[in-house]
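Below you'll find the structure I mean.
A, B, C and D are the chain letters, set down in written order, and residue numbers restart from 1 in every chain.
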């Protein structure tokens, strides 16, 4: 029996709506704090092309950590598994010991999705690319088949100006020799990547890469091989949700990536990608409505990867 | 095209054999240190019933932490998701018996597979069962369809005698009020559970529970519902391999559980269970040949859950 | 100009009285929680014999950690500086990382005044003494010239019954091999020592040992040599006040030792000993009125060791 | 009986000489790594004016952390005890630049002698002084009665260029709001202060401030009051030697301050100051010969503050 995905999303929307006032916006930079906190959008795109959307599914929002999935994919496409000599694939455990862990592990970040790890990936991309910002943006535009995707320069600048903790992290990793380029250059790239703005609609298209054995959805171009794709999915599963990766595996059961802009994207390999955006975050930094909407999605479908 | 699983296991065996001298036996109790370090056995059992075996697949060995999957399943079958009010579902991100994290999180162990978490599960089972040891053993026997499965009393006694760190952990959790029964009673049960001995052949039969939406393989009895089964698989995926859960997801791509007795069991939901035993462990406490054999299995099959 | 010490103590009493309702009793065992929270006693005894007292200076109270100074002195008198191969002399920093520190430092407690360190000292005393409890009590009676000093068996039993964290600590140290005797035996001794009850009057007499180059005040018997005495004073200065040792050095400027029974004893080498008792504790576990009374004492005298 | 201090220093020199090849130079910047590792100088100056010297007591060396005693004294002279609202007085009990503790304590460094704490003191001085560098240098010149004392610009520049960990620390403290000025400005001042070069002879003169109730030795000018002086001495005692403050109190028994340039200064309040310089460091970052020489000094004199 075919599922009516549009109906499914309507149901989900109705059920998550009571959560609309729960959680709080990311407040640490003005650009994120200025977003309308009540926004909600969701988009689902199946590998065969079928799609369904509800709410603000075409409104662009700040990717923040979601963008780390793209830079990881690009780095793996460029230097393969060698990237994992400089960044691990283990979940980091609770945030309270992130710095001690980095110290204990001699500047090798536990995984590419914690900030320190994403900075190391940026450092690798600076090595590999002539014009890192432009080429990364072009890569994301290709994945999403949308040339209108942009960095938000104000967001990037605010992050750079107020991001003392990220400056601390980058300098700390540099002190272990695991950042090769200038700290300011790495951070500038890092903050730009996080500032990329895309809609749920863009994101499902782009993330089908991970559902499709590494092929770009719109063109079929092979970016990653099948094994590389599976491995990135595995890292998203175990490390993609700050200190709620276990919770996301437990309640949703799909690999995915979240960001403090309020977006979450999940992937069912060989089946679909689903993106949700709602800017109010729970205490762990993940979208309250987004987490619930995806839990409802896999519960109602009765399928997850587990 | 049908896969010849027997041939597949033979190939895997040939390819892992060069690793036979790598790693070291668990040495902390005489019973584990006395095992022949060169043993290797593997068993694969598909949900439809097909099976394949190689090496010492019928030799019993000490389950150790693998048994924690059974006690978790039993606890969930008895009290449902309430168990997760007393134990989390997040990877621990550090040594498998870290005391700090437990302190930071007020005595709620991060997940049911770290020692402290498994002790809390034992505490719950003492609450729920009239004769915990006998009933747990009967449960495992039922899953594996084998009445010969036993505790190893010598192993349990040695663990109790030399397990000062586990005594420390149990007392520490008790100090937060998250163990209700007598510490000695909880530890006695915990050590007995870890001492259960089963073969790879037994284990694939028992673990098909997790591939089969919670139904006992041999009888079809429904022990867990589909959602509960998926959730236990998710916890195995993110937390089942000490501080190598990310690595196992990355290289093997299946939920599973390992033990310092040298066993590893992996589950492909709706498809199969595979168990390997080889007692030499890597630095993280997982079987060297076991990790590699399962990586080869999913690589050669070209399928994992990701 | 001679100081009128009796007048001085009266002044101090007046000035600390407004603090009487601040802080809270130790609540973790019934015996400590049952004490009258408004008690205050103070006693000062100069090496030449002059003394002054105010309030409940003759009322016995539970020494708790103050007793660790006596067991350390006894251990040094028996095996000399060798004790410091098994326990360090460095302040421990904040309590939140005490367990991690113990792990990092392979079971060598940072100093003899943290619980783990005092347990190692007890382990040494079990080695050295035929009848540890009786001989330790006799030692303390000799120092205080008072045969009425006793253990409080109810307190010791309560600590043993509810002291799961101390059971955890002892087992943890044992797991590193730095406790040689049975954990239960060591803890029984440890809890008995902490349960000793003495008055401020008793304590100043006993602590003059540390002001007097290691000689017993009432008999002149040489227990420690001058260097050993100075070293114990140094450890009291840097480690005697949980995570307020720096604060005590800063505001009072004398070596000393506090206990959660509400007692504090300070020593001015070659001059005097001063003891205060008031059972309400601040957040760090030190007597509120006791800390203030001793600060006023050295401020009014205009002398400290700095 | 009068002590012949010159003879005493000769004896000490003979006894520490066998240690000359132990330990290693600070290697992290070229300027410190280029020092002759076999240098040794010692100077003792009594409050009444008597002095004694041996070896390279007039050779200037890099103060490094010793300078933190001067900036603390200047800050206390300017804003009094208010400085201790932004920096604590407790020993750090772990590596001297631990980031975790800083996180746990919300950006309030444990004491003014760990790097983060000294940076906060610099931040305060930038607030208080029109021309911080010049005024701090003038202050130190006044204490030592020597106008030739200078910053070493090469050392300061190297520290800035290679000091990624210090950049990490400053940004981390800034992220908690406990650095008010620009991170680069604070670090520039911090690195300059650490680069000040003085001889043992200079240092004993300057540190007599702390033995003399806050009066400048050469002029009698009152910089600190008696209580403030005692408190700085107390902080030096409990926090002045990285993770060997307990050891220094234990073996030497005087307040003091060390630096990775190989210098150590100790103060006996109301009596004398003693400075040693020998650039080979032990594993904790303190001069091997310096620690031993000062232990011998107080042992031979038979006096310490304890």
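Following the convention adopted for this analysis, a residue touches a chain if its C-beta (ideal position, glycine included) is under 8 Å from a C-beta of that chain, and two chains touch if they have at least 3 such contacts.
As the structure is a computational prediction, the values presented were derived from the model and not from experiment.
Student: In angstrom, rounded to a whole number, how far apart do the mean CA points of chain B and chain C lie?
Tutor: Averaging C-alpha atoms per chain gives centres 48 Å apart.
Student: Need the CA-centroid distance for the pair chain C / chain D, whole Å please.
Tutor: 32
Student: Can you check how far apart chain B and chain D are, centre to centre, with Cα atoms defining each centre and the answer in Å?
Tutor: The answer is 55 Å.
Student: Could you check chain D for residues that touch two or more other chains and list them?
Tutor: 100, 104
Student: For the protein chains shown, what form does their contact graph take: line, ring, star, complete or other?
Tutor: Graph shape here is a ring: one loop, exactly two partners per chain.
Student: All pairs of touching chains, please: list them by chain label.
Tutor: Every pair of chains meeting the touch criterion: A-B, A-D, B-C, C-D.
Student: If we count contacts the way the header does, which residues on chain D are in touch with chain A in the complex?
Tutor: Against chain A, chain D makes touches at 99-100, 103-104, 164-165, 167-172, 174-175, 183.
Student: Under the stated contact criterion, what part of chain C meets chain D in this complex?
Tutor: Spelled out, the residues of chain C in touch with chain D are 88-94, 96-97, 101, 110-111, 226-227, 229-231, 233-235, 237-239, 243-247, 249-251, 253, 255, 269, 299, 302, 304-306.
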